[in-house]
Every structure is written in C-alpha cells, then in structure tokens.
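Multiple structures are listed underneath, in structure tokens.
Both of the next two complexes hold subunit A, though its partner changes from subunit B to subunit C.
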Partner chain A sequence: MISPRYHREIPQRYRLEAGRCEDCGEIHFPPRFVCRKCGGKRFAIEVLPRRGKVLTHTTIWIPPAPFEIQKPYVVAIVELENGVRLTCMVAEAPPDEVRIGTPVELIFRRLQAQPVWEVLQYGYKARVLAG
Partner chain B sequence: MYGIAGYGAYVPRYRIQVETIAEQWGADAAAYRTGLLLSEKTVPGPDEDTITISVAAGRDAIARAGIDPREIGACYIGSESHPYAVKPSGTVVIDALGIGPDCHVADFEFACKAGTEAMYVAYSHVKAGEMKYALGVGADTSQGAPGDALEYTASAGGAAYVMGGDNVVAEILHTYSYTSDTPDFWRREGEHYPRHAGRFTGDPAYFHHVLSSAQGILERSGLKPADFRHAVFHMPNGKFPLRAGKLCGFKPEQLEQGWVVNLMGNTYSGSSPTGLASCLDVAVPGDLILVTSFGSGAGSDSFVLRATDRLPTVQKLAPSVRDQLVDRRINLTYGKYVAYRGKIRMNES
Partner chain C sequence: MRDVAVIGYGMTKFGELWQTPLRDLFAEAAVACLADAGVERGRLQSAYIGCMSSGLFNGQEHLASILCDYAGLAGLAATRVESACASGGAAFRAAYLEVASGASDFVLAGGVEKMNDGADATYCLSTAADQEYEVYHGITFPGLYAMIAHAHMHRYGTTPAQLAAVAVKNHRNGALNPYAQFPVEITPETVLKAVRVAEPLGLFDCSPVTDGAACVLLCPVDVARELGKPVIRVIGSGHATDAIALHDRPDLAAIPVVGLAARRAYAQAGITVADVDFCEVHDCFTIAEIVCTEELGLFERGRGGPAALDGLTARDGKHPVNASGGLKCKGHPVGATGVAQIAELVMQLSGRAGARQLKSPRIGLAQNMGGSGGSCTVHILEVGS
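For the complex of A and B:
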C-alpha cells in the first residue's frame, strides 16, 4: 500500500474510528462519505468497542506470499459489542481455537512488512479472549 | 507527589524451551538451564515488534491511570529493536493510543536500559511541571545470533509507565544513575546480530554498574535493603540479578516477585520494567520497591518507589505479568522459531 493511502486510513486502522451518520445514527466502518441508509453526508467520529464475537470464520491454507509464514491462519467476520461487523485476521490462534461465537478482542498488530522498502503496515487483528 | 500513575506489561504468547535450542546446536541443555537459571523464553509472533508491544503495554498503562490519553504530553519508547532504521516507533504508538498530536515524542536506545531512560525522562518532565502526564516504555524483540549463548535468553516483551502528579499508584522517591564507557556488548551499523565480550560482560560491566547504581541510591536515600519489600535488578539471565541482589544485601524473598527471567528470558529494554510491573501487581500500600536497570556500554538507572493507597484499586484492571507468563503458552519448534524471527531467507514477495 502506498504511504499516502496508509496515512489516510490510520484513524480507522489504528484507533477503530468509525463514522456515525448525524442524520440517522447509522455507524459505518470503514467510514464513508455518504450514509448507505439515509444518504446523509454529515458524520461524527465513533470509536468502536474492542470486544465482540466471531460471526463466521475460515482458515487460510494458501495465503498471498507476504503471509506465507503465518499459515495456517484464521480470518473472521467479527461482530463487535455494538453490532458493527468487520473482517480481520485472528492472531496466534490455531484454527481449532476459533468457533462461531468465540469471544474476541481487537488488538494492534503489524499487518504487513513486505516488500522491505515499503512502510510497515499496522492495524487491528482479533485475539481469542482467555477463558 | 510524582511517580507512576498507571502501568502495563505485555508478554507474547509464544515460547521456545532451552532444550529445543540446545538440541538444535548439539549443546548440553541441562548445563544451560543451571548456568542461566532459565527454562524458556518468550518469542514475538510474526506480526509483533517493539511498536505492537509498546501499544499493548501502553493501553493497559493508560487504563490503569484512568486518564484521557490526550492529556499525555510526551511519549518515549526505549528499545534496541526499533522496527525502522529511519522513522520513529513513537509516532505509531501515539497514534494507536490516541495520544497527541500535542505531544513530544522520541525513541531511546541504550542496549538493555533504554526503557528506564524513557521512564526517567518522562518522570522528570512531569516533576518539572512541563506537562501533566508522560509515557515511558521499555520494549524489545531482542536478537541473539544462532548458536550463541544469547540465543537462549534474548526474548520479547515490555512494560509501559504513565508518569504523573495525579492518580499516582507508586511514588518515585529517589532516582540515581551510574554510567561509564565500558564496551561489553555492541552492534555496528549493518550488522545483523550483536557481539559481546564474553565474561567481560560480568564483573566490569553488569556487576560494577548495577552495584554502583544500587548502592549509590541506597546511600543517597538513607535506606537499607531491609526497608524494601521488593527489589528488581536487570535480568540478562537468571543468575546475575540474584547474585547482584545478594551482594547488595537483599534476601531471596525480596527478589522473587520481580525475577521473571526464568519464564521470560531477557527482554532487554523491557526486562527490569517488566520485573517492576510484576512487583506492582502484588505490592500493598507503603511497600518500598528498588529497581536497577543495566544497559551495556554501560550504565544503570535506579529508582526507589513507594506504593500508594491507589495501587490496589488498579491492579486488576489489566492482566498481571505472572498470569501472562503462565496463560495459554504456545511452544515453538526451532524451525518455527527461526521463521518467526526472520532468520530464514525467503524469496521476496
């Protein structure tokens, strides 16, 4: 990813800043310019909760080259406590540790380090909650 | 009253056993276990580095401080494994934690004592009245050359401290540093792994600086070892901090809680800060704690802290160091370990 785009997306990738439509209250993540529900164009920043549960998941056995070293890994759609859904990798988890409904929290991890001349890319991943 | 308003520590989930490394190199595992007094070390995941460890520890420190992160006026990251050669770690950390942009940021390096440097400068700023709160972090994903004695100990983790004049959980009563040019351990630009001077890293480097710093702060404070509940000395291996503590006059039970190296390894800049966090996890109001770091090159920073009445109210707000050391460990094979540590040459993607 080129660094100007990476920089633009820092608020959502680092701090989970979503856009809440000031007309109808719909929360968009990632943020949008136009509300998909009412067409509104005024948004307030809404920081998403970090906890949620796995809505569904899949195991990646044949990843893109930069992720080869991490295989097999789980990618999940996570439903956060306020109902917002997002897609992310599940860090550290052996595939059999992740089930539909598994409680998770969002953590800050390095998402990509290749190629070596590019900026390192950081953002959110899910982690299975203990217990 | 100035001191620690909030603290947090992070321990990665991956481990490699001393036996696993010894088997790879045809070494005597039992000799390493007894020689180094440790059984395993932490390993960072393939998506972890000094920045992610700093964010994880910093988030818990801010939670325990109970403050708005925008009130933090400075952020210092001490590490010898900053992910970039050119570009600060601290800028990523402040943006991830919601600190700034009204904030002074710097990365510190001083072998294993960069973490206590960050803590010392953060503390000095709030004590001088320059800002309300400041964050000091010690974190590392340390490297040891394959087959070298360092490979058995160089590990990953860190701790973060919000310093302030409000919400203090541990007042800093005294500080003292002792520094000289002592070339016991170094890494030149472009070199992949550090070099060390073998036994020279012991008496002239570690013990001279650690003992001078610890005895210096005891003299200046008028305190004696028996006054302390806990004492933490930098942990390059299991033996050094126990011997340093004994030579200073501390008893084993005073060293036990902060001695996390047997299950964690040497987290370099994160070592003594993590040991301090482990003591804060259990300390009760009024407890005195001595911390002495060590960084090769060489120098030591010492702090005398006293737990306040607020400490017990924040201890359970984040996972303890001991719980993280025991919970949900994943043991790695040597092959997986070298892959995660980037020691295998892959085709560029």
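For the complex of A and C:
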C-alpha cells in the first residue's frame, strides 16, 4: 500500500473518526461526501464508541499472503453502540469464543505482520469483553 | 425498443488452461459463436466483453482491442465491461440494449477471465470488496460469504448438510457438461469433510479458480427469423447495484441486489417467478445459491436450504437450478460466467444441452452477481416463434 493511500485513512484507522450528517444525523464510517440517507453534504466529525457486539463472523483458514502468518484468524462484522457497523479482526480470542451477539470492544493493533510498501499497517481490531 | 434474440453461442472448455493465453481464450469462444450463429464476422457491428481483472491476473488492460484483434475482429467498436463477477451479465445487458435501441443489428456479448496465470487469485478477487474497510482487515471472498452463511444459519437454522446438498447437486449436473472444469460427482461427505477455507465454508462450498471464455450473438428478432433461426428472445433484463461492503447492508442474511434486479426483469417480461422453467444462479459459494434462490422468489426466505436438501432444485425437481453444474462444478472464470450462463440458457431452450437437457423448457433465467452482492444482473429468455 503506497503511503498517501495509507495516510489519508489514518483519522478512521487510528482515531475512529466518523462523519455525522448535520441535516439528518446519520453517521457514516468512513465519512462520505454525500449522506446516503438524506443527500446532505454538511458533516461534523464524530468519534465512534468502542463497544459493540458481533453480528456475524468467520474464521479465515486460507488468507491472502499478507495475513498468512496470523491464520487461522477471526473476522467479524461488529455493530457499535451507536449502530455503526464495521468489519474487523477479533484479536486474542480462540475462534469458538466468538458467536453472534458476543460483546466486544475495539482496540488499536498492528494488522499485518510485514510492512507493505515500507508502511507498517495499523488499525482497529475487536476484543471479546468478559462476561 | 426492438425485440432482441440470441442466435448463437460459443464457449471454451473451462479449467486450468495453462497453455492458453487470455487472448486465445476469447478468440476461441468468439469464433465458435459466429460459426454457431452462421453469421459472417463482417456483419458484426460491436462487442461488449466482460472481464473483471485482467490487469491484476495478467497485467493486461486495453482489453477489448487486443481481444478483438486476436479474434479476427479488428476494427470492431468494442468495449470491456467491468462489474466484478457480474461483468459478463453487464456486458450482455449492454449488448442487448444496443440491439434493442436500434443502433446496431449484430452485437457480440462476450466474457473472459484467465485466473491461472501466476497471480494470487485470492488477492485479485478480494479487490471486488471494499479495499480499505474490508480487505484491509483480512477478509476474503470465502470469508464474506461465510459471514452471510453464519447470519443465515443463525436466523433460519440453515445447516451444513443443506449447503453440501447444493454442491452435490451441482456436481451431479456438471458431470454431464462437456464444458465443465470438474465433471465428476461428489458425496455430501466430501463436502462436509473438506479442508476448511472460511468457517463454515470448506473447499467444496467454493467455486474454483478457472480460465475460460464465453460469447453469445444478439440480433433483432425480425433478423433472426429472416436467418431461419429458432427465436430465443430476451424478454427481461434487470440490473441493480448496492453497497459493496457487506457491513453497509442492513440484512446480512440476504442479498437484496438480487431481488431488486429480479423484480426489474420480471416486470419487463410481464411474468412472475412461477412462469420460469429453470434458472442459472450465481453459486460462487453454496450459501450464495441458497440465498439467491430466495431472492429470486423461488422459495420463501429461510427455505432455500431445505429446498436444496429436498431436491427441489435438482434437474427433475420443481425448480431446476444450475443444470449446467453452476459455478461450483462448471467453473467460475469471473468475467465469463454471466455470458456462460446465457449460453446455457440458449443450449437448454434450443434442445442442445445433451445429457443434461431439461424437458422442453420454455423460459429460462440467468442471475449473475458481483462481489458479496454489490451488483447483479438478471436476464430472462423465452423460446418461441
């Protein structure tokens, strides 16, 4: 991944910055130019809550080359407390601990073992919340 | 809009064709198609060619020109069409609209993909998902459909045995298809005990990595009659797009773009799903066939799995699905798939499907889907006079 492409996603990957439509309140992650709900074009930055639950999940046994060293790993679609959904890995959990409905929180992690285009890849993963 | 007919088809054998370059795959299908239609190449006016990712798979863009040149069609007005795995269906729709509009009389719809050429196919295919917000986080295409499968299992009780029934049925059909990549029958145990790819999907829940090409020729119905051809008419063409990121779509146990494209096609054709005699459905993964048969309206939501297990989608079932063997057995050269589905409809509707021939079908439907459901085309063809 070339560094400008990586750099411009940093507000989302490092700080979970979403865009809240100032006309209808719809929250978009990542931010968008135009609101998918009302067509509005005025947005305010809103930082996402870190807690949510698993909506669906899989365990990847055959990954693309950059993720080979981490296999098998769990990827899930997580719905955060404000309704925003995102796709991320679930870290630090054996696959059988992740179910639909499992409560999780987002944490900051290195995502790929090796740098790509000399850029280390960071971002959010989920972690299972106890009890 | 003029009535449009499909008057010929041509296909390569699907498979790992290491000795055949991308350009020759298309040329073989195009030449076979023109021969089948009995139309001289000089009468062709344009071509639309579906291909998802020749740039990544083969390092080759500017595709329509090089393909037409090597097919002996240099000079043709030709355009490459891309909509991920729905590229072929989108190319067919473009060709259909050009003939229907009156702009051209003879238009070729083609599709090609050469996936075995040294590139990392899992990566190339993953570019049909959201690069920054799905692929960046380690998801793969089997992984996306696995997440749809888990959602469907959780909501409706769909089982691994029901998923396996799709693969077993498609291999039973494809074993009779001379174009198929893996023309062999398999057992449910083979599917259920296969190496895992992305839970709950194993190797035999997934369509293979395939090289291949397919072409069909379109012309106005009046012209088809003058040529003395059996008239296989395009009566419905539906097309829709949706968010490509699975997490951006409200219902993870559904693929709504399929229903949207299907409703548009049914409306144009003036028919309901009950009028459709057989379907070619985009079974890139076993769960995809189950969800798509629900979206097409063949079965109620949640009933696609039991229907597959109960044989309702078998060749002799109430709603035959993927008599060709589908993507699972026939192979899935992504850009070619949508056109190969149309070719299967033409074979079945003209009684030329050999050992897998259905009994006198009149109306066939082809559903071709991009990514995890970010695009879809549905075409309905009817044989008549």
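Convention: the second predicted complex is superposed on the first by the 127 of 131 C-alpha atoms of A that agree within 3 Å, B and C clash if a C-alpha of one lies under 4 Å from a C-alpha of the other, contacts with A are read in each partner's own complex, and residues count from 1 in each chain.
To be clear about the criterion, a residue touches a chain if its C-beta (ideal position, glycine included) is under 8 Å from a C-beta of that chain, and two chains touch if they have at least 3 such contacts.
Owing to the predicted nature of the structure, the values given are computational and were not obtained by experimental measurement.
Once the two complexes are overlaid on the shared chain, A:Ala91 sits against subunit B while remaining clear of subunit C.
Of the two partner chains placed by the overlay, only subunit B lies in contact with A:Arg15; subunit C stays clear of it. In the superposed model, A:Arg109 lies in contact with subunit B only, and not with subunit C. Contact with subunit C, but none with subunit B, is seen for A:Ile100 once the two complexes are overlaid on the shared chain.
In the superposition on chain A, contact is made by A:Leu120 with subunit B only, not with subunit C.
Of the two partner chains placed around the shared chain by superposition, subunit B and subunit C are both touched by A:Gln70. By the touch criterion stated above, A:Ala130 is placed in contact with subunit B alone, subunit C being left untouched. In the superposition on chain A, A:Ile62 makes contact with subunit C only, while subunit B stays out of contact range. For the contact definition in use here, the residues of subunit A common to its subunit B contact set and its subunit C contact set are 64-65, 70, 111, 125. Subunit A makes touch with subunit C in their complex at residues 9, 30, 55-65, 67, 70, 73, 75-77, 85-89, 95, 100, 111, 121, 123, 125. Subunit A contributes residues 10, 14-15, 64-66, 68-70, 91-92, 94, 107-111, 114-116, 119-120, 122, 125, 130 to its touches with subunit B in the complex.
Interface residues of subunit C facing subunit A in the complex, by the touch rule stated above, are 120, 122-123, 126, 132-140, 142-143, 146-148, 150-151, 154, 195-201, 245-248, 252.
Residues 13-14, 45-49, 51-52, 55-56, 59, 83-84, 87, 92, 95-96, 98, 327-328, 330, 339-340, 346-349 of subunit B are the ones touching subunit A in the complex.
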